[in-house]
Amino acid sequence: MKILIINPNSDPTMTKAIGRTAAAFAGGAYETECRPTPGAPKFIETYEDAAKAAPGMLALVRENESGSDGFVVACHCDPNLDLLKEATNKPVVGIGEASMKIASMLGHRFSVLSSARHSIPNKEALIRSYHLEGLLASVRAVEKGDFIKAGRTAIDQDGAEVIVLGCAGMTGLDKKLQAALDAPVLDGVICGLILAHGLARYGVGPSKVRRYQPR
Amino acid sequence: MKILIINPNSDPTMTKAIGRTAAAFAGGAYETECRPTPGAPKFIETYEDAAKAAPGMLALVRENESGSDGFVVACHCDPNLDLLKEATNKPVVGIGEASMKIASMLGHRFSVLSSARHSIPNKEALIRSYHLEGLLASVRAVEKGDFIKAGRTAIDQDGAEVIVLGCAGMTGLDKKLQAALDAPVLDGVICGLILAHGLARYGVGPSKVRRYQPR
Amino acid sequence: MKILIINPNSDPTMTKAIGRTAAAFAGGAYETECRPTPGAPKFIETYEDAAKAAPGMLALVRENESGSDGFVVACHCDPNLDLLKEATNKPVVGIGEASMKIASMLGHRFSVLSSARHSIPNKEALIRSYHLEGLLASVRAVEKGDFIKAGRTAIDQDGAEVIVLGCAGMTGLDKKLQAALDAPVLDGVICGLILAHGLARYGVGPSKVRRYQPR
Amino acid sequence: MKILIINPNSDPTMTKAIGRTAAAFAGGAYETECRPTPGAPKFIETYEDAAKAAPGMLALVRENESGSDGFVVACHCDPNLDLLKEATNKPVVGIGEASMKIASMLGHRFSVLSSARHSIPNKEALIRSYHLEGLLASVRAVEKGDFIKAGRTAIDQDGAEVIVLGCAGMTGLDKKLQAALDAPVLDGVICGLILAHGLARYGVGPSKVRRYQPR
Amino acid sequence: MKILIINPNSDPTMTKAIGRTAAAFAGGAYETECRPTPGAPKFIETYEDAAKAAPGMLALVRENESGSDGFVVACHCDPNLDLLKEATNKPVVGIGEASMKIASMLGHRFSVLSSARHSIPNKEALIRSYHLEGLLASVRAVEKGDFIKAGRTAIDQDGAEVIVLGCAGMTGLDKKLQAALDAPVLDGVICGLILAHGLARYGVGPSKVRRYQPR
Amino acid sequence: MKILIINPNSDPTMTKAIGRTAAAFAGGAYETECRPTPGAPKFIETYEDAAKAAPGMLALVRENESGSDGFVVACHCDPNLDLLKEATNKPVVGIGEASMKIASMLGHRFSVLSSARHSIPNKEALIRSYHLEGLLASVRAVEKGDFIKAGRTAIDQDGAEVIVLGCAGMTGLDKKLQAALDAPVLDGVICGLILAHGLARYGVGPSKVRRYQPR
């Protein structure tokens, strides 16, 4: 069994970091591979970035469909996720969707740590599209790289009980932050892997009844 | 003053029909032009169709920004609307957004007539993204081209008080249907024009504070 | 074509100011006239004020129906708006409804600047009646006449991306405030005019199917 | 202790029927009186009817404030309720608000039986203003006076577990209908009395902090 | 007529205090009795506390059903309320449900004063289960026993217009706090009594249609 | 690694069936065991059934905490789930929560097949507690054992795109029904296992910040 992890940007460093996290979590029980998106920008931040990543992401799914059992989209804003769910019968899991839905199972409310204030409204729009707005404590931008302070504020002031790392580039920070905050901290890459692998093993993928039915 | 109407597909017949509706409504008070999207599919139905239309739509906005005072996106699923709002300081209005928000000002609930059952969930997701789900009576697929029957059912069974034409390809049907149903029927092209022209005249466009701020 | 603007209060100064804003925006393309409401209080603030304005507002609509193509209710709390929509087949647009629905098309969330803390809950109740509560960043009372500070706080602390002037008496402040805040600022009088004129031109008014059906 | 019941219309027959229900329920434990509204229409159905009832209702409250311990507004559309809450420090209870909030304590969802289809949207708007829309099974118009059939359909098809009589004119039908349906049936007049008397005895009335603060 | 008040914990001091409040409010018009729950913990704070109280609460209802006309559950987290509504045909009212629904009738938004920050999420979950989250200003923990400060902050900062005492153990504080805050302050025990007595007198109890139907 | 599956009822046949499904899915990659709840009823249907199962379920968790890496609660109404999340630091997953949150990742809306009409409101209340009501197409009772008909109706009439088996006793029906309906069909036992095993492997459990903090 193999899960292909699509890094929607073209940054090789981030691709490697995501791949390391995934391989460590899978632990040899199944194969994982992380691939950057050809033709995509170095970082996905704007609507234009997401649009530019679409053709390459679609190509990755199509070219690797037969050799993969499931896909993870490894950018926390879940760019082009509907597009990929439409394109394949194999399970496709966004790390934003996976981490925030799992967070909702572990505590009363969750906060998302975000790399920039600029991206807060886009994250909020994503959260609403998943019907999770009532379970959100806050989206908090990390100021000056101080994750512990941002997480502590989310817990103490915003009422968060679970922390979600809001960018694939934060992969690997979960356990240290969890120890510092004494609260669950979720890395979307691992959450995505849990669900993509589980669904692949279960043999279910996107429903083709209407919304994700291709022409 | 000139409003450029972007038809997100590449169908020349639909482009002409939209252009006719727009010119008739503007009545010479301002200039309108409808352009098809280069490189786009003939019809926008799936997520892939929308993704394929993105580069051409973006190019149309960029190439015509200096010569236009505002833009209308003339497909009722408002494809790539956030992308275009991010790309320009000029007003950008989707005909889905415009027609449904105007509908909410004219009666208790509105129904959208849709060309196919396949597209109902996508329309519902769009409606939720505009926070309009509580004002929606139904999305009704028109069976066998019988618009009057679909509209009548929406009014009598679903509780609609206003009817929205759910596809730019339905342009021109509004007045005949309105007469038959004795209820307001809205053509998105005209609704989009009212708002795009009004905003252009007012001198306001997409806020660049955060969500639509380009890099 | 003529749009009659009903100032729900009886203050001649405010009536004139609203009329000036409207005439300047219409720019001769259509006729506008602003009339105070006979028998109404000098300012609409309480539920009793709104009730006292009702007979005069209704009379203005009835007496001017044949000579007007549409109506704007120029008080940002949209007093007696349902009553007037019921009373006529011509379009009736409240400046609260118009400005806040247009605001929702220009950015992620909007804030309303209000003249007094007293009126915040009433404004919130109005916003909920329009199903706009999820798009509201805040209702902020302007302290000591400092609009720039109130708007800046709304943008920086509350997450607003668009500012709505929450009182017809603030007409004319939009452009200066917009320049200071670098974000769209909306004058309800102009927003109401855009929609009332557009709907009048389009030939649609309040649905008479059920909610606004008179006896 | 005395509760004044304001019948917002001017119909003497309905006034008497409401008075009888109230007196029977109070059973001598406290005084009740039902008064028609001077200057009001014979029946409250439209927004104009409600506006016309406002001055008389306000006068009834003001003239009887010192001699009454609480007020009930005995029309199920709760006309001018905010106006009266603003006007007095004594408790003011609408029979719509009282009956539907009590209904929400007795079962999963409630249905309102309404006298006419015309009034369904107005009732739905009222229900939303109380944040009760998620607890509503349906508003059902009673066809041809068949209350049992309407109630049965609400229970079997719409999922109602409690039935609310949606018009003060239906007073007295509760117990017979309850026996026929084997489900709680609520008469708003009694629900209003329970709360108005209870609040009067408790010594609490409308908060004057902001929303119901008179000038 | 007799209302049995079930104190879900086993603390005799709190039981007496609740009993005193109830007897004073009933004033001899009907009988009230407050009983502690056999086998329950001294204080209900956690989910385990609530589970441990369930058998004793159920026994109290069953053993006293014939001798009581209605029940009040006198813990503001309404533990096992659904269980008791299922167990009897007599009205069962939780003091949390009663006080917060009554609060929603007296002002724009209410705040709940809570004894500990620990219990805020549980209270929020309860409030959502009653569909009251849109009417909530805040749940505020009382720091160092300063109820006036907590209430004042709720009113001034959170927008509350009505204050709800969030623990049966706060019974008796209402009138002093109301005088200090100049806003309605609600003791759940009295609110529960108003509704339980009113419903018992009216002859309605939990609907047995589906949700509260025992096997 | 071992996941203990708690069957909240005491039925040995259902316990075995659940155990078989779990073992087959785990496929030897980790250990699974299904245990009935001592002292619980044969079937969990009412609030009283759930209350009676609580002590045995709590005992199962406490006695098996050191020997288990995670827990699944294998009744689709997720009885006492908050209680168990409070009781342990190990992951606890309800099959209702798991299956419905996973369903929301596979299609636009999901329907739950329920064994009896009686349980529809309870399921709806559960769904709302998870903030999933906007993603629900319907809860459909299976009439006369015809699962295919119920699923087909959910898809065609209610707009479902994913089907959730709404009772642990339906375990094993998923693949046959999925083939018949050509839409994803989810067995909660497997969904619960995917998440409990994944979370156990990840090393995260219920947050102890506030809501699930034991005394």
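Before moving on, here are some points about what is shown:
Order of writing sets the chain letters: A, B, C, D, E and F. Residues in each chain are counted from 1.
Criterion: contacts are C-beta pairs under 8 Å (C-beta built on N, C-alpha and C of every residue); 3 or more make two chains touch, one makes a residue touch a chain.
Just so we're clear, the structure is a prediction, and the values are computed from it rather than from any experiment.
For the self-contact between chain A and chain F, the two sides draw on mostly identical residue numbers; the shared fraction is above half.
Distance between Cα centroids is largest for the pairing of chain C with F.
One finds 42 Å separating the Cα centroids of chain B and chain D. The distance from the centre of chain B to the centre of chain C, with each centre set as the mean of the Cα atoms, comes to 25 Å. Taking the mean of the C-alpha atoms as each chain's centre, chain B and chain E sit 51 Å apart. Within chain E, contacts with two or more other chains are made by residues 108, 120-121, 125, 128, 134, 159, 161, 210-212. Pairs of chains meeting the touch criterion are A-B, A-C, A-E, A-F, B-C, B-D, B-F, C-D, C-E, D-E, D-F, E-F. Residues of chain E touching chain D in their complex: 25, 29, 91, 93, 97-98, 101-102, 104-108, 130-132, 134-135, 155, 159-162, 175, 178, 182-186, 190-191, 194-195, 197-199, 201-212. On the side of chain C, the complex with chain E involves touching residues 120-121, 124-125, 128, 133. Chain contact summary for the complex, chain A toward chain E: residues 108-109, 134, 159, 161.
By the touch criterion given at the top, residues 45-51, 54-55, 58, 80, 82-83, 86-87, 117-118, 120-122, 125, 128-129, 210-215 of chain C touch chain D in their complex.
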